[in-house]
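In the two complexes below, chain A is the common chain; its partner is chain B in one and chain C in the other.
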Partner chain A sequence: MHSLDVFFNPKSVAIVGATPKTGKVGRVILENFKRKFKGKVYAVNPKYREVLGVPSYPTLKDIPEDIDLGVIAIPAPSVPQVVRDAADKNVKGLIIISGGFSEVGEEGRKLEEEIKKIIIEYGIRVIGPNCLGVYDAFSGVDTFFLPEERMRRPVKGPIAIISQSGAFAATILDWAAPRGIGIGKAVSYGNKIDVDDIELMKYFEKDPTVKAILIYIEGLKKGQGLKFIETAREIVKSKPILILKGGKTKRGVEAAASHTAALAGTYELYKAAFKQAGIIEACGFEDLFDMAKALTTQPPAQGKRVLVLTDAGGMGVMATDALESLGLEVPELSDSIKSVLKEKLPPHCIIRNPVDLTGDATDERYKIVLDTVLPSNEVDVALVITQMQVPTLTEKIVDYIYEATKYRKPIVVCMTGSEFTEEIAKKIESKNIPVYPSPERAAKAVWALYKYNVYRTRVG
Partner chain B sequence: MHSLDVFFNPKSVAIVGATPKTGKVGRVILENFKRKFKGKVYAVNPKYREVLGVPSYPTLKDIPEDIDLGVIAIPAPSVPQVVRDAADKNVKGLIIISGGFSEVGEEGRKLEEEIKKIIIEYGIRVIGPNCLGVYDAFSGVDTFFLPEERMRRPVKGPIAIISQSGAFAATILDWAAPRGIGIGKAVSYGNKIDVDDIELMKYFEKDPTVKAILIYIEGLKKGQGLKFIETAREIVKSKPILILKGGKTKRGVEAAASHTAALAGTYELYKAAFKQAGIIEACGFEDLFDMAKALTTQPPAQGKRVLVLTDAGGMGVMATDALESLGLEVPELSDSIKSVLKEKLPPHCIIRNPVDLTGDATDERYKIVLDTVLPSNEVDVALVITQMQVPTLTEKIVDYIYEATKYRKPIVVCMTGSEFTEEIAKKIESKNIPVYPSPERAAKAVWALYKYNVYRTRVG
Partner chain C sequence: MNIVNEAKKIIEKAYSEGRRHLWEDEAKYLCSLYGIPVAKSKVAKSEDEALKIANEIGYPIVMKIVSPDILHKSDVGGVVVGVKNDEELVKSYRQILENVRKRVPKARIIGILIQEYAPQGLEVIVGAIKDAFFGHTVMFGLGGVFVEVLKDVTFRVTPVSREEAEEMIKEIKAYQILRGVRGIKPRDINALVDIITKVSKLLEYHPEIVEMDLNPIMLYEEGKGAKVIDARILLEPKS
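Up next is the complex of A and B:
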């Protein structure tokens, strides 16, 4: 058993600071566990014998059964004593939600040091303090103390998130929920007195439910850089890591320093480090999830040659611009492929790359092009634009695109529109093919599939 | 009366090629007019005395009343005769939807020449051929021949669109509809044998319902460049023009050449021309509408100094990065402003720029900062981030942000989340304050407000 398992798959949990008082952190967390957690839950609060129907004890030590994980949501000065109790009780892991430690000054720093000593002596693992902690959609562990009506939880899925900013993690989970983005695990580690980003990356590498690791970071600790790079470089051989860096410009770095006390360090250094590590950098959180969607559903692209297939010329032009700007290629097709297409498609279709099936495109035309071009060795990936405003397209397009995945080349779809379009888009995504609303975002996803392959197959 | 008024505000319209046959262009267009157009509608089709309840005549000339606008949706070879009939009938304008002209080769080019001669002789104005024509949400003119169930129509609003690509215009209208983006007018001009982008820009300059002109273009006609620049440069003194250029890269330009026969010309030339003209360039259609939303609701930013106000540190960092990358400034606040804020805000708030109200932010804290900083001469615009996951924020935030518009400085809001967030976002937007889902997109909107002011106030 891995020592971090206790945070994601504990058998029993005690919420220290659980309370029936509305709006309090200790209440929201207890409600989270009551609703979703499959193991045993206990409250620790000397004022109550029971909190919201959950048995409550004066201290951790009073709980009559073994406790795997303790969640601490009480004022900072009282935390060291709880950590001592946890040591006595043989608790394996603690998530310390409470703030008021090194982030507020010298007094808090001392409390942190005190805790550190105890956990090292007793081998207790700790996430926090000053964090939102852990969200695990599979086990029901959820210490994010924002109530569901403000922060929705996303569906289970292949994405794991590691965030230096708690608010960012919360925002992202809430944002992802109505969009159907599947997130299995998220960690906000706060002051990271024990568990840090590097260890979490390594842990998620071994987790079979995780297909991509997404990181928000403002800065690494002093001396951590090399280890971060080396760890990531190993992990990307089996799983993609995507990163969003906060603090890139002069004023951004200063803002990050006030926010997470992130080590300044110029962005150029980080950028070079990510590249060396094989980490794919996103330029915003939408971009982060756009790329993750492709990487968790499609095979990597074995090369940079893209087939652009469209029923809307302008969208084909925009996709081509975007792909080429990203260093990808939209190669001319060979005469032999072109002559096959010319034979099978109406004469007004534009047979080059992009292939433009024009405004009376049928589902069958898409099938013809995919079946002709994808099996060839002329392209490595397909960017398929289906503007569903064209009345001759039907739902059959979903199956035709899905069937083309048999050629084992990645396919990325772009479609823009309202309800009708979104219905079809959902059906395509239910077949595990990613759909994007703009040619630029689809192109960026293709780029990620290519770039990840480069990193994945790098020697050494 | 302007000679283009006939396309947007005709009193009577004849649909040449109107038909009861399902799925046909002539039927969709007739249905559009029947449903929404406030003037008189006639069908022209020798096969029927009536089409869908609308009186039908063998030719334009047989209609017993005056016709302002003719819409032509019949095969290309029959079009010149209809244009002659229109001349005899004294029709003022024609929208020629039909394709099969210069875009298909020599034969079609000749038909186009024939039409040109007639319209010049008789002074008939023409949009098209080979186009989707005109959509006017105010008058109900709608020649976009895609049925509502495939292509929704957006609500009335201050945006006018001029598109070289018909499919792009259709896609954009459909996409805009469920997003509540207000579009008043859209024109797809196709082969532009008469009315072109330049004349449409000038027309929209004088239209009081239009607050921003959005253009999709792949290329200008030979020799048109200087006139385009000079016209735009004049217009931007009163209204912003935003452009999305298709065909920026080598392969993109080639694709555009097959699509709209756009003159190649390197993108660098276009880019320089747009700059000289004072046209704001978008890097994708989401970006185009993001910027338009700010420009149609907020005053231009008189300078580049931005106040970033947030309750989520990470989002503040990202916004600062994005603003600075775009050449804007997030200046440190003066000691006098800081001391006022320190007095009024709790000690754990981070008082610099970004101002971080932290995870227990209240509506009142936002009000305090806006009321203190905006009236000062230290910033020109505010980017306000309100992560509504914070349970201490309420709907009052809407009014507080709205009240701050009294300082006559532009305000742009960023909020990311699910239903609860989107509800509040809608309320803020109903007060004509733009809301964006990511700090990067909000920052780009701020940039547009600044950039437009530079162009608007340029001398000469």
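Up next is the complex of A and C:
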């Protein structure tokens, strides 16, 4: 058993600071567990014998049964005593939600040191303090103290999120929920006195429910840069890591004596580190999830040659521009492929790359092109544009695109439009094929599939 | 092992003299120990010494003032390029000292650096810093406006492999210039990869180095190598 399992799959949980008072952190967390968690839940609060129907005890030590995980939501000065109780009780892991530690100053730093000493001595694992903790859609562990009616939880899915910022993690979950983005796990680790980003990455590498690891980071711990790079480099061989870096401002360079020092902004070094690690950097959270969607549903692109298939010439041109500016290629098709297509498609279709099926495109034409080009060794990935405004296209396009996944090359779909388009887009996405509302965003997703393959197969 | 010890001696000497920077000739010697090609140079403290060094290196030579108080040597008339013989050398020696005494009367003068004359090449810069989070990090870019105005540079955290050094070179916007463009012949990229990886190696053995600039490096045509013209190395405060 991994020592971090206790945070995601505990058998029993005690919430220290659970309270019936509305709006309080301790109440929201207890409600979360009551609603979704399948294991045993206890409250710890000396003022009550039960809280919202859950038995409550004065201290952790008073609970008559074993406790795997303790969640602490009480003021900072009282936390060390609870940690000592947890040590006596043999609690395996603690999530310390409370703030008021090193982030506020010297006094808080001392409390943190006190806690560190105890957990090292007793081998207790800790997430936090000053964090939102853990959200696990599979087990029902949810210490995010933001009520469901304010912060929706997304559906279960293959994405795991590691966030240095609690607010970022919460916002992302709420934002992802109505978009149908599946997130299985999210961790906000706060001051990381014990469990940190590097250890969580490694943990998610081994978690079979996780297909992509998304990280929000502002800064690493001092001296951890190389370890971060080396760990990520190993993980990306089996799973993609995407990152969003917060805080891109320059370091103080006033005293820089050399050119190099004057140019070495902190962000420049992070960018270099991400490249060396094989981590894909996103430029915003929409971009982050666009790429994650492709990487969790499609195989990596074995090369940079893209088939652009469209029923709208202009969209095809825009997609080609976007792909090429990202360093991808939209190669001319061979004469033999072209002659097959010419034979099967009406003469007014434009047969080069992009292949333009024009404004009277039918579902069958898409099928013909996909079945002819994808099995060949001329392209590595397909960007399929289906402008549904064309009345000859029907819902059958969904199945034709889906059937083309049998060629084991990634397919990314772009469709721009209103209600009808969105309805078809949903149906395509339900087949695990990513759809984007603009050629640029689709192109970026294709790029991520290519870039990840480069990182994944890189030697050493 | 000998190389590392020899290099450590240079650093120890600087510390023992209360310096956190290496003199230009020390910095270059340190680089040369790790196989980085540098323009040969030595500090002369007298005219006689200057003559001796110049004849060892061979004319033509370059002469540069060495002073802890002078950062921009050519601005104060502290540099003479293309000195061809003994006679010119003596003349230039006196001229440099006169220029410097006139323009920066309080400057402490260590001597005059006598340096091999290296023909003009494409100027590139390789540097390094020690960062609190990532440790030693190597930078590469083209010299002059490319680095100063366009900031067209790239970084890698050490250790930097040959593959990564190649990636760095290909990554800058000015890469086309290295590959040859309109009258500029393709450059010796292999020599550049060598320098970058050797700098990475050097840093591994000398954690005291906090800043390093090899600037400029003359990068010659394919197969003709490269040469470090100026080198600066700054050490961390002695603990």
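Keep in mind that, in the parts below, the second predicted complex is superposed on the first by the 444 of 460 C-alpha atoms of A that agree within 3 Å, B and C clash if a C-alpha of one lies under 4 Å from a C-alpha of the other, contacts with A are read in each partner's own complex, and residues count from 1 in each chain.
Methods note: a contact is a pair of C-beta atoms (placed from the backbone, for glycine too) under 8 Å apart; a residue touches a chain by one contact, two chains touch by 3 or more.
Not measured: the values here are computed from a predicted model.
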| item | value |
| --- | --- |
| Chain B versus chain C as contact partner of A:49, first or second or both or neither | neither |
| When both partners are placed on the shared chain, which of chain B and chain C touches more of chain A | B |
| Which of chain B and chain C A:220 touches, first, second, both or neither | second |
| Which superposed partner A:268 touches (first chain B, second chain C, both, neither) | second |
| Partner chain in contact with A:352 - chain B first, chain C second, else both or neither | first |
| Chain B versus chain C as contact partner of A:206, first or second or both or neither | neither |
| Chain B versus chain C as contact partner of A:420, first or second or both or neither | first |
| Touched partner set for A:178, first chain B, second chain C, both or neither | first |
| Interface residues of chain A shared between complexes with chain B and chain C | 256, 258-260 |
| Residues of chain C touching chain A in the complex | 125, 127-129, 131-135, 137, 139, 141, 147-148, 151, 153-157, 161, 163-164, 167, 211-213, 215, 232, 234 |
| Residue numbers on chain B that touch chain A, as the complex places them | 23, 104, 146-147, 149-152, 163-168, 170-172, 174-175, 177-178, 216, 218, 244, 246-252, 254-256, 258-260, 283-286, 308, 311-318, 320-325, 329-330, 348, 350, 352-354, 356, 359, 387-391, 416-421, 437-441 |
| Contact footprint of chain C on chain A as seen in their complex | 219-226, 229, 256-261, 263-264, 266, 268-269, 271-273, 275-276, 459-460 |
